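Take a look at the structures below.
Note that chain A is present in both complexes that follow, paired respectively with chain B and with chain C.
Now for the complex of A and B:
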């Protein structure tokens, strides 16, 4: 097994578990008795402990063990979940995360814990331990030193040893096992037996071993350790170890709590919780096999159940087996669900999508070739291939789609922590969490979103007193909403806070020299100034935001995803920020148009309609840059003007077409020479050289091998609204 | 019965001497009403030696003879204590009082 990949899987699994734990804690904050959430927290700690143990990450195991034990007490009602305790549990979650980060950063995997982390962990554990007992029945005592996972056994282990005749000859000295055993605990009672039928001199061979022992044993060791004593006697001794009742109960608890994905079969399950030893399992399996064969002749269906054999052999008590059977059955049901999900390396998926992109391009090339060759009866085949390719493309892209909700729910914590720090009361409402978009887009949008939400908490929502004076509810609301809109995803962040003061923004921008005092700006333009570099309206920077480096970075990040951000705000009422992003970064449905000597692709989702430019019945041209479409004034751009590539061979009186595109609330027209139809467009990024080119989002290779530019409608709209048409930023 | 009837065993009571000691014990116990062993000089005892003690006790019991350990060496004491066999092997009471254990 590749240890590195296993480690990576562990780190990812922990991240997921910690997220679950956080969600559960947030729920518990509202409803401290929610059993499902209590279980979630317990299970997260339990599983991290278990997996951490496999890798030998002792600090992780020790830390999570204590938290797990505490959660167990909470679950069983011995302890009440108080607000401070939840707070501490939040910190425990974060500390676990820090521990995992430490492991992730440490290539060798065995570096000692940094003193800071150690101290932080110890402090947290101490706080857990010193939690004042909230109810008289509470049992706050936690044994931090206990290295074993089993609780102290208050009653006795029953061990029976029956040595075989050849034990002495194989060099065994049964006494040495008992001596070793006595080092692990207390031999409370020993019965030594010499079970020989006859003591006749002929039958008694002093060099054969006839001894057997029954031992009542008191120890805190777990079953594995105890069985380990007799490890080398396996061949020459019948060993039975029966757990004490306390451990018995513990096994049943463990069985209930065993994560269902870790269960393979009954035997492994029992071994994994330490109820039986691997040797006992092997022995019972052998018997199962043998009896199965025996019965095959007479009664073929009946293979004895493993549990029965284990109980009969005295390896285990029947209660434990019953619980194991139950856990095994629920696990089967659960696993069927889990099996529907397969984890795939994101890189492989990326490669697949690249290949699909190439396939799309190739199939377009085939179409062109067939057309040129004029083979009519090939058309049907090509159509079929095209259809399949587009299906493959859609499905491949679908693979990368994830619901955004999981990523959005992390903001509950952000808002919770930030509002506590600032003494504000804020509700975060998340809707549209099921909206899907490309995972790579999700990852890249989280940072800008975090910033915007912190801004809303910090600058938007006012302190409770201020809100009360303003006649608002003391608890502010931040509404996070996501939905699909014509091939894009829209994410809205809306708060009912103070809103933006356009006058102040303007004053600040003038003071910073971003605009000249004589410039006339619409309200919208003024508000957009906060996206300019180096502008922050809050006089005092807080630890959360307000250093004036945020909003321009947010805008740039969003634009890098071919998205846009819009802002609307009313002073005293609130602010609404709308982010519009393409669903995917790889392939889009495009609309191919020709203008001048070149061809261009317009994202199909943004095409509203196409009309003939000189159909005067519907169109009236107003001057150079505006047109009247059925009474609506529309700015337009002639692509040949924009890109200075008019085809001089083209007859001047040839008719042009107007493609009406929309983006967000905006609509505009693009005047083109020819409409060439829909095209599956694989987006290829432009090189560094063309980075500053405005209005172009990328390029694509056409079936003919030609290159077409993909137009960025949002930027074109911006160009269309300003009178000076320039293609390169100054 | 007098002290002379006790069997004094010396040296090792281990798997290496088991056959010889068994013969010794067999010869001694046959036909006796009292089986008294003196293990003061036993330097070492292992499971085979212990098994011999248990065996001879049973032989004695079958022929309704009394069985007693008159005195034992520290090596034997340690094993008997571990297995809590002091009473089972009828160790001399004055000896056993020093070997307290919980049971």
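Now for the complex of A and C:
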């Protein structure tokens, strides 16, 4: 661990902590008394102060210290959180982030703060009701001539630090640990040990560290907190922390009170009551393992007890171990196996899913072979394999499913900041956060969603005054909702804002030459014009959105995921955008059809029904195709016409079939020559060459080794209706 | 079969000493003998079942299943303006790797009438292309190679199979749909 990697670790850790703090603050905005969130904010500031102190980043320590103190008061009920205070805390979070950025950019780590940052920090502290801190905390005077023993007392922590020779070279400053420790309590006594006798002047290396410290320390902090001071020194220092006798008694009480169902192994138990730190446990476990290996070959019972090692290492007193053993034994037998979560590398999971995809293809090939060879008595086995493969596929895909809620909650900050910048009052309501979908889809949908939500804030919700005049609540609402619907996930973004002005969109589109003045468009088609490149109805561009790039990019991103986006808006009432996405990008249930020479796959989730095509029910007017389906007018497309691959087939006057497909709220028919049944479809991308090809979502390899194209129903509908500009929707 | 030809030829001429690219694969398209640098060629296969992709220009022959991967095939006859090729027993697909963008490489198939052989053409026999007088688009021609007093056109694979160009053409139905309708 050199200084750079330590700093990097620090910066990353701070980023995580600040994210936690932000989430907590957002919760506090809704519920200012939520104890968990209060703790989170406190802990974030506290930890940043601690690690910052180790590195000697005084500005960070001073700043976070003030915030921490304030949070402590809030936590203990001496202060209440008000809206302005939360607001200030948000800014404190951002300021801390700015401080860290400053440190990250500064290679030496001790350049003075830029005046701007300093001023911003002071201003924030003033708003928190604090004077800017005068000078850094004074370092306790160390007395080198003091006796080499420590005073014994009941309420004192005994801490021994033995720095390793490389500590300086790794950027450790022993003094900074002491300085930080002193912020947790009283350094009653510090003995500095320098093993003069063992160093001869010839071998003395000025860059090596020979120091060790014995510290008597009085503090109310628990062991974990104190150990946290030395967290960064783990690798460069032997740390032993022995709790005072008073704490010792407390541990025994805690052990007695520990509910039996929470008792795990000895180590965890001791960590959970705070008697030892996880690091001490790890060290002891290592020793246990090493000695176990030495005794290898002998009986396993010869392995040393963990408790013994801990006592020997000076991590704990034997009384506590005895009590822990007792507690553990009474609990044993009652304990139930916990539900465990295993973290798995996403790449491994991806590889597994690829393999399952190949398995699906292979098992389809087996089915074809068996059928071809006419081995009837193998059918049952093949069916069994098929069933298992589809189960494996479903389970494998399930592994990559994550709840969307975590990703959606980040938008609370987006909405909050954006609305404040624009002086609007907006509530973001999120429902359906537990809805699951493929992690790879989640990652790709965040950007388009961010854009749509910013749009809703910027263009959708009006200013409070305007809303009042319109007779609406001054606070606007953006509702983000997610749910599953027939193999797809639906994400809705609904606002109760100004809505879209179809007339203005049309005017704008005409002005930009996107449509001709004489073209007839339905309301829905007109609204959809906002997805065309280069159309933005807001006259003024703001920093949030409105530079005219965006909606078309949003649409393209969603379509790249084989999804669709729909739009509904009423002027003055609001706008609702519905995004429909496939749950996964890898494998789908498909429905195989034949048209002309070729075979195509329609996603089964979009197939509503199949009916026989009755020639007499077909009306033909100017090339339009409609069918009367139980009294409903259903537009249809003949695949062979659309794809111009009608061959010898048509002459035989073979009976055609109509596959009724639905996409979004629409229905349409696809006329095909043959229905070939369901199959599990592994989606293979068609690649760059076909990037701009519409109507085809990908390809799949059939059991026969042939390729079938996967149809994109919504795009086919768009292609089918274009030449005539006639609505086939609804 | 085709693969065999390549490896034999490559082995025979493997003693080539100069480090310049002097080996060329020759093949015929619509009765014309053409050549291309061997370095881009990955393999040569007999024509398998080619699945047509609808709504694409005629020089996109379709896609094939190459060991579980879907690979597009370009009809070189149609691409060079000689009309779509008719499949025969000798028809082959030359699989080449082309550059797409910065560091992305893409495997494409190239349908030809017949693969001839691999030729060593010394650098002094490789001449710049004529500025006019060829029926093939000039940017498709990398150079002219002299083989026994006959000039053979050496194709510039990166231009003939430029993915950007192949994919950008307006023939793709639906492109204008996007512009007009939405």
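Rule of thumb we're sticking to: the second predicted complex is superposed on the first by the 392 of 730 C-alpha atoms of A that agree within 3 Å, B and C clash if a C-alpha of one lies under 4 Å from a C-alpha of the other, contacts with A are read in each partner's own complex, and residues count from 1 in each chain.
Definition applied: a residue touches a chain if its C-beta (ideal position, glycine included) is under 8 Å from a C-beta of that chain, and two chains touch if they have at least 3 such contacts.
Fair warning: this is a prediction, and the values are worked out from it, not measured in the lab.
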Partner chain in contact with A:218 - chain B first, chain C second, else both or neither: neither
Partner chain in contact with A:625 - chain B first, chain C second, else both or neither: neither
First, second, both or neither for A:240, with chain B first and chain C second: neither
Which of chain B and chain C A:479 touches, first, second, both or neither: neither
First (chain B), second (chain C), both or neither touched by A:696: second
First, second, both or neither for A:174, with chain B first and chain C second: first
Residue ranges of chain A touching chain B (in the complex, touch as defined): 167-168, 172-175, 178-179, 182, 186-190, 192, 194, 196, 199, 201, 204, 206-207, 209-211, 213
Complex contact set, residues of chain A against chain C: 358, 361, 514-515, 525, 528-529, 531-533, 552, 555, 597-598, 642-645, 684-696, 699, 701, 705-709, 715, 718-719, 721-722, 725
Residue numbers on chain B that touch chain A, as the complex places them: 15, 18-19, 21-22, 26, 46-48, 50-52, 54-55, 58-59, 62, 79, 82-85, 88, 102-103
Chain C - residues contacting chain A, complex: 49, 51-56, 60, 63-65, 68-70, 72, 100, 104, 106, 108, 163, 166-168, 172-182
